[in-house]
Structures are given as structure tokens and as C-alpha cells.
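Some structures to go through are shown next.
Note that subunit A is present in both complexes that follow, paired respectively with subunit B and with subunit C.
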Partner chain A sequence: MTMALAIIRRRARRWALNGAAAVALGYILMPLIFVIWLAFFRQEIPSFPPEGYSLKWFAAILDQRKFVDGFRNSIQVGVLATLIGLALGVPAALCLSRFQFKLRTPLANLLLMPLIVPGVVLGTAMYVFHVELEIGLDMDVLGTFYALVAGHIVIVIPWVVRLVTASLAGVDRATEEAAQNLGANPWVTFWRITLPTIRPGIVAGALFGFVTSFGNLEMSLFLVGPGRTTLPIVILQYLEWKIDPTIAAVSVVQILLIGISMLITDRYVKLARVV
Partner chain B sequence: MAQLDLNSLSKRYGDFYAARDVSLQVADGEFLVLLGPSGCGKTTTLRMVAGFIEPTAGQVRLGGNDVTFLPPWKRNAGMVFQSYALFPHLTVAQNVAFGLEMRKLLRIEIDRRVEEALALVRLSGFGARLPRQLSGGQQQRVALARALAIRPDVLLLDEPLSNLDAKLRQEVRVEIRELQRQLGLTAVMVTHDQEEALTMADRLVVMNEGSVRQVGTQRDLYERPADRFVAGFVGRSTFLDGTVEAPGRFRSDGGLALTCTGGQPGRAALALRPERVEIGLVKSAGLDNSLPGTVEFVSYLGALIDIHVRLSPNDRLVVQVANRDGGFTPEVGQSVHVGWSASAGLVFNE
Partner chain C sequence: MTDTALAHAPAADRRRGEGLTAGMLIVPASIFVAFCLLAPLAILFRYSLNEFVTTKKMMVEAVTLANYVKFFTDPYYTTILGVTVRVAVTVTAVCLVLGFPLAYVVARTQSRFKHLLIIAIVLPLFVGNAVRAAGWMTVFGSRGFLNTTLQWLGLIDKPLEIMFTETAVIVGIIAVNLPFMVLSLQSVIEGIDRSVEEAAFSLGAPPGTMFRRVLWPLALPGILAGTILTFILAMNAYATPFLLGGPLFKMMAPLIYNQFTQQTNWPFGGAIAFILMTVTLGLTMAANLLIQRRRAS
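For the complex of A and B:
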């Protein structure tokens, strides 16, 4: 009797847990589901129930140059910022986890700070900085492509540093010594032993850095120049005067892009293991 | 293989000597074991030979060449690490091939030597596996094969068996020793496990607090320990503290008047091996020392029995007897007599 009771209680507990997880997951997925659904509505004004379904809004994206341009700009900025962020973030993570120096902890916190500082604050700060720089250097800074990339590098670096540091913690230092003992100098040791071991962290850092950059709105608002807006800003500007399913279609493309890149990454590096 | 010489090797961190004036000679083909408690400087010494630690003073000579300040990758020393340190992203064969690739050998020669090294450790056919697909014992053998494949001048083993379970450890011990003999390797091993050290070494080096306390064969260390530390660390000893009144006459702090061999007048300790002391119900004639005592504690070890005997308020002795059929079986509280010949006791002046 008590046994049966225990089984019932265990089942009830499992149901409660799964139920709570389902609610949380539903809460997260609901907006995505609605956006995806909306992208296929036939009528211009979103209303329920839909009058019918159509793919015309996807075609409409291509008719609007600013979406295509915004998309291209976002990809360019994201890729460049990610590459430079890796070039800076990986060595930084190596230094932070390998060497003991006086400003180690402050430096680590500084590099992770863009994750905590609100995008608006970050954007304002950079805006002011770019203005000062423009005055000081007497050249175009504000609103240029490279100034935008520079801003995005700042938000890519924390992801790279965080994920690479995490995977460095899993590297057995003795394997590096073993490589040196077998005749590899420090440079060869890094390329042949350390780098392959932390590759999952680097790939994951690059992915999250790129996604962060690609989706960034608040900071970018301060940094873009005329004709060089990124996709999230184009979407916002479009929404300011018109609400039709084109926006939903753009979002679907965006979701697909990020989803596919995650799936591809996951084939090489199990994301569940790194994050 | 080559001869290895350490001349007055020291490593100092601030005021602390991790290793102090360590001088050792390892002959070609000899298996030398550095033995000592943790922090005694044995690992520091090994790492100075490998080149991971730069000595503060002294010299390392390998095969007659001074390698003291050569970086690790320019020395031809094969090392087996405590954690094995296999490259996790490379297969067994790639692990073993690594050192050979660094030496820029031809692919054909590399493949041949990888095969050869894996065969030596009985892992032929495992080349395509990843380290994590192997058991601890197999990983350990890959690490050994990797170190042997480069045909090192000296093989360095840093507590290579400490991550294996007890049974496997005994097997691998024999395996490493046989391989070392068969290939005529010059080898230096570090361990804190005295049984491991005693069973594997040609010669042992006992270290403590950064210094070499004694170098010798198993018999040398056990029969003629150089000091109190060695007497306590290699095998077991009970120490009676007291004073040498005259050479041959020792008086314990508990007031026991004992006969010993040698010793300088002054404070000293008398060390006795538990198995060299006899115990019985009656006083045994013919022994230089024979004393009454009371059994305080008995621990039954199976083949052996440890008996702790109180001789005076200050003196307690451990006696070990074989668990023979019809032999002496003591009980706590029993009155007994213990005795030993003067030559069984070793006197260490303070």
C-alpha cells in the first residue's frame, strides 16, 4: 500500500516537473510561433482568424531594398566583428586563465562587462566617444562602417572570452608539457594541442558572438549612419509606420538563419556541452 | 640510452629550497627511484631533468652533454605523466606518432615505429582508438609507448601508477620493469609509495625536505638507514628516545637501560624494526636486551600480528610476529617479555 503510494507520489512529482517545463517552454516559444504563423497570413492587417494563407510577404521582402541592404549590412558587420572578436578574445582568454598578474580580475570583469551594461548605455557611451574621436582626429568616425564594427566587437568579445575560458579550464596542462617533452616548441604546442582542445569553446563563442551582433538593436541605433542600417533597425523603422506580415516574414528568415547556423555548429561541436 | 648526472642541483623559491644540492648518477640502463613524502623535492628534481623547471644552481648532464638550460623540447627525455597526459583529440597511433613527427621522420619510418611501440606495450590494433575509449591501464601503456617511441636518452616516470587500482598497479609495475630491462633503458621514477619503490628500483634515493637523505639498494636502506628519517620512511621502526651514556649503553627517557652498538654519548634515538624483536611469556636467555612489558594493543594482519607492548610510562614498542600455527597469540593486558640483540637496534644521535 505504501509502495503504491510512493509510486503515485513519484509520478505526480514527475508530472509537476514536466508540466512546469512545458509552461516555461511554451512561454518562450509562443511569440516565435505567432510570428511564424503571421508570416503566412494573406491579409495585410494582422487579425484573427486569418482570411487565408500566402507566401507573398516573403516575395515582398525582396522588393524592399532596405531589407536586403540591412540584411547584407548585418551579415557583414556580424562576420567582421566576430572574426576580430576572436582574434582579440582568444588571446585574452588565454592570458586570463594562464597567467597570474595584478589586474587579472579587473580585466576579466571589464571584458565581460558589455554583457551586463544595457545596450542603450553602451550605445550612448560609444556615440559620445565617436564624436570626441571625430573632433580629435578630424576625420569621419561616427556613422562609418568601421565604427559600427568596432562597437560590435565590444559585444562579441565577452562571449568569446567566457566560452573559451570555460573550455581552457578543461585542458590538462600536462598535455602541453607532454607535447614539449616530445619535442614541440611552445608555438607548435599551441597549434597542435591547445587549440584543437579548446576548439568547441571557440566555435561556440563565435556563434554566440555572431548571433548577438546580428540581433543587436539598442547599441547599433546610436552608431549607424545613413544608408548603412542593420536589419534590426530596418525592422524597427518599418514598424514605426506600417504593420504588415512583411516584418513577420523577415523575422522568419532571421530565425531560420540563426537556427541553421546553430544546427550546423552542433554537428561539429555539441553546444549542450559548452553552454 | 645514456648516463644521467645531476651535479649539486638546487631549486630555490625565495627562501625556500624545493631541491637542495641534489647530486645523483644514474648509470646507463639503471632504474633509479626517487622516494619521499610529498613536498620532498623528488618531483622538482625530475622536472628539472625534463627541463620544465630551470635550476637555481647546479648542472644536469645527459649522455655527457650539459642540458641544464636546454628547453624541454630540445632534450631527448621521454616522460610518463601521472595523469598520462594523452592528447584527447588524437588517436592512440597519432599520440604515439607525435614525438616522431616533431623529429621530422619519414612517414614510413613513423608508422613502423608506432607499430613497434604499441606492440611493446601489447596494444597492437588499438591505434585507431581515441584515448577516452581506453581503460586507465591501457591509457597508461599508451603514455609509455609514446615516451618510448622517441627512443629517449632517459625515461622519466612521474608517479606513473598512482591512478591505477591496486591490482592493476602490481601488474603494470612488473611490466614496466621488464620492459626497462629488456630495452636497457635508463630510467628515473618518482614515487611516494615505498612498496612500489622497493619492488621496481635497481637503486633508490630517499629524499626529504628538498635534500637527498640516502642513496642505495633496498638492502642498504633497510639494514643501514643513514638517519632517523630513512629508518622511519623505509620499512617501519619504533623509536625509543633517550641518551647514549657511553658507546654501547643507551638509557631511554623511561629509564630503561639498554645495550646497543655504537653511538656517540648524548641525546639519541634507538630504532627497532618490529620483526627483529622477540616476544614471549618468559624471559629469553641469550639476548642482549630482555625486558618485561604489558600488551596494550594487538592488530591482526592475517599473515602477521602487530603487538604494541608498553615497557615503561615513556616507552612503547611494536613487535611483529608471524601468525604461525600454535604460535604466540597475545591478549591485551597480558604480561610478556620482549628481547633483542644489541645489533638489531640502530642508534641515531640527534
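For the complex of A and C:
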């Protein structure tokens, strides 16, 4: 009898735990679920229950130049910032995990610092910096494409450094030393031994860097010039005036793209291990 | 956010000539970040000491603390700081309570769908705050899901005003920050050996005691990392208070943006930026010290 009671109690506790976990997961996903639902409403006003369902809002996206342009700008900035961020961040990560030197900790902190500085502060600081540069150099800086990319590189670097350093921590140096003993020079060792082993870290760093750049709002608000608005800013400015199925459809496209790219990345690196 | 890989230095290996290689590897990134981040922060700080002539809407070079004094002596601004801290503390506490069970289940599950569970938690992070705010706008609006459901159930006669309130902002930021809390906790719980829990149970500890005496102390590093991250993010929230709080509800980040772009008062905007960073760091460090002292005693 007591045994049965104990089993029941144990089951009840497990159900309570799983229930609490489900509530939290539901909470996280709720805003996305409602955005996706809204994208298929027939009427324009987000009132419940919907009068019917329709796919017309997805076609409506293409009529609005600003969404298409914003999307293209975001992709361009994200790709360029990620590539340069990798070129700068991967060697830095190699250095941080392979060498012991006096400035190691301060430099590591410097490279991770953009993660801690608030987006709005990053944006304001870069804004005044660009103003000063513009005065000092007598050329256009503020609101240019390259100034925006430079800002995005700053927020991509810490992700690359973190994830590549994490994946380097698991690499056995013996393999590299063996290669060098067998006559491989440092470059060959890097290309043939080190790079393949840290590829998951690089893929994860590139993905997180790109997604951070693609979704950045606060910093970019200060850096975009007229006609160069990125997608998150277009969405924010639209939502300031109204919420309707068109903006929800834009969001669904974004959710789909990010979801698919995460599923693909998950095949190469277990996301559970890199986040 | 603390990185074990970075916190622990590798076994020292000093060979001649490696210094040069090391330098060549790390210097470009360091110079880039220093130039694009430290220099701008330094200039912003210098600006915050300048004067602003309101009548001409112009910045005048000076070295004065007037902007900082103005912030702390005007109740309008100190109230905004107070609201921001209150929202951030509430959000962090709720995130910890809501996040722990989910983190525990994710860390302990044997299911082969675990990676999908992780993706479900991480995906919203990458979708952007504005999109998630749009979801809440659909729920909270006067003809939104919540009001329609409550009216249909006969619980209320006329729609509740939830949009543009502090409640809406808090609900929104919790959803934004919860994944960060869950991921911080989950990574630490995964590192705790399950047999430690089993041992507590087999020695007769009820689940409450096991949680308090075993799981909580062992998970403390993750709890600290998660609460710190959640708190910082809530203090700096921009899109959620902007969209769900409306024009009258003010938090620090939208205030900075407003001072910069609408008022074009760069010195004061710069001062608020540094006040926000200092208060956030100060409160984080104070909480950290408090917890460590209690742990030691």
C-alpha cells in the first residue's frame, strides 16, 4: 500500500515538473505562435476570432519595396560582417587558446566586451564616433554601408571567439605535434589538422554571428542611413504604427528562414553544446 | 555567459618565436575592436561632460558634471531609472522560477527529440524582439486574443487595458529573456552527476530538501550566470518597452534613444548611457557579492 502510494506520489511529481516545463516552453513560443496565426487571417485587423483564413498577405509582402530592400540590406550586411568577423575572430581564438602571454586576459575581455555593452550604448557611441571621424577625415562616414558593416563586425567577433575557443578546448594538441614531427610546417598543420577539427566551432560561430547581425536592432538604429534600412528596423517602424497580417507574414518568412538554417546547422554541430 | 574555455589558461607553453605568431594572430581583432568600440565609448564619455545649450540646440565644449547632476536631481529621470530597475528585477525573478523546471527537464531528458527542444528554445532568440512584440500585440490588443477570450467566458464586460502598461512590458521582456535563463541553467545542470541526486533521495531526503541542499548549491554558478545575463538584458531592453509600453511608458534604453535623436542632446544622452551601464554593473556586482558572502557563511 505504501509502495503504491510512493509510486503515485513520484508520478505526480514528475507530471508537475513536466507541466511546469511545458508552461515555460509555451510561454517562450507563444508570441511566435500568435504571429504565425495572424499571418493567415483574412481580415486586416487583428481581432479574434478570425473571420477566415487567407494566403494573400504573403503576396502583399512583395508589393512593399521596404521589406524586400530591408531584407536585402540585412543579408548583405550580415554576410559581409560575418566573413570579416571570421577572418579576425578565428585567428584570435587560436591565439587565446594556444598561447600564454601577459595581455591574454585583458585581450580576451576586450574581444568579448561587445556582448556586455548594451545595444543602445553601442549605437550612440558609434554614432558620435562616426560624427568625429566625418569631421576629422572630411569624408562621409555616418550612415554609410561600410560604417554599418564595421559596427556589425564588432558584434560578430565575440560570438566567433567564444564558439571557436570552446571547440579548440577539446582538441588534443598531440595530433598537431605529431604532424609537425612528421615534417608538416605550421600552415600545413593548420589546414590539414587544426581547421578540420574546429570546423564545427567555425560553423557555429558563423551562424551565431550572422544571426546576431541579421537581427540587430538597437545598434543599427543609430547607424543606418536613409534608404539603407535593415529588416528589423523596417519591422519596428511598421509596428510603431500598426499591427496587421502583412507584418506577421514578413515575420513568418523570417522565422522559417532562421528555423531552417538552425536545423541545418544542428546536423553539423549539436546546438545544445554550443549555446 | 562565463566561458570555461576562456577562464582557464592553457598549460603554459612558451617557445621562442611563438610570441610573434601569437601577436600576429590576435592583434588585428584587438585593434579592430579597440578602434570601433573603445574609441567610440571614450568619445561618448567625453561628450557626456560637455554642455548643451537648450535654446540653440547646440553642444558646447566643457568639462562639467552638469548632465549627471541633472539626471539625479530631476525626479522625472530618477523615476525612469527606478521603473527600469523594478522591471528588470521582476523579470529576472520570474525567469528564474519559470526557467528552472524547463532547464532541468531539458538537461535530464533522454528523448531523441532533445535537439528539437533546444531549437524551440533558441529559435525565438534569433527571431528578434520586434517580431515577438508583434505576437504580444496580437494577444493584448483591445480586440486581441486575451480580451476576446475573457469576454467570451463572461469574466469581463469591457476589454482590459493591457497594451501600453508596465504589465505588458514585463510579460514581453520575460518571454525575451527566458531562453537565456534556461540555457544558462541547463548547461550547468547537465554537468551535475545524476547519482548525486539519487544519493540524496536514497538517504531519505524529500524532493524539496534535495533541491535546496543538493541541486541549488551545485547549480549556483549557472543560476548566477543566468540571473546576471537576464538582469542586464532587461535593464537594456529597447524594442519591447518601445512597442508594448507605448509613448508614455519610459525605460532607460528608449530614453537614451529619444535624447539622441529627438532632442539631439548628445551630452545628456551620453551621460544617461553611462549611468545605465554603471547602475547595471553596480547592481550586478552587489548581488554577486551578497550571494557569495551568504554562500561562504
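Side notes on the structure shown:
One rule holds for everything that comes next: the second predicted complex is superposed on the first by the 266 of 275 C-alpha atoms of A that agree within 3 Å, B and C clash if a C-alpha of one lies under 4 Å from a C-alpha of the other, contacts with A are read in each partner's own complex, and residues count from 1 in each chain.
Keep this in mind: contacts are C-beta pairs under 8 Å (C-beta built on N, C-alpha and C of every residue); 3 or more make two chains touch, one makes a residue touch a chain.
Since this is a predicted model, take the numbers as computed values, not measurements.
When both complexes are overlaid on chain A, the residue A:L110 reaches subunit C alone and has no touch with subunit B. By the document's definition of touching, of the two partners only subunit B reaches A:V188; subunit C does not. Once the two complexes are overlaid on the shared chain, A:I260 sits clear of subunit B and of subunit C alike.
Once the two complexes are laid over each other on the shared chain, residue contacts for A:A12 go to neither subunit B nor subunit C.
Touch criterion met: A:T175 reaches subunit B, while subunit C stays clear of it. Of the two partners subunit B and subunit C, more subunit A residues are in touch with C.
In the superposition on chain A, contact is made by A:L217 with subunit C only, not with subunit B. In the overlay built on the shared chain, the residue A:I45 is in contact with subunit C alone; subunit B does not reach it.
Of all residues in subunit A, only 172, 174-175, 177-185, 188, 192-193, 196-197 touch subunit B in the complex they form. Contacts from subunit A toward subunit C in the complex involve residues 13, 17-18, 20-21, 23-25, 27-35, 37-38, 45-49, 88-89, 91-92, 94-101, 104, 107-108, 110-129, 132, 150-151, 153-154, 157, 161-162, 165-166, 168-169, 186, 211, 214-215, 217-218, 221-222, 232, 235-236, 239-240, 243, 247-248, 251, 254-255, 258-259, 262-263, 266, 270-272, 275. Listing the residues of subunit B that touch subunit A in their complex gives 50-52, 71-74, 77-79, 81-83, 85-89, 98-99, 102-103, 143, 146-147, 150.
Only residues 1, 3-6, 9-10, 12-14, 18-19, 21-22, 24-26, 28-30, 32-34, 36-41, 43-44, 47, 98-99, 101-102, 104-106, 114-115, 117-124, 126-139, 141, 143-145, 148-149, 172, 174-175, 178-179, 182-183, 187, 207, 232, 235-236, 238-239, 242-243, 253, 256-257, 260-261, 266, 269-270, 273, 276-277, 280 of subunit C touch subunit A when the two sit together in their complex.
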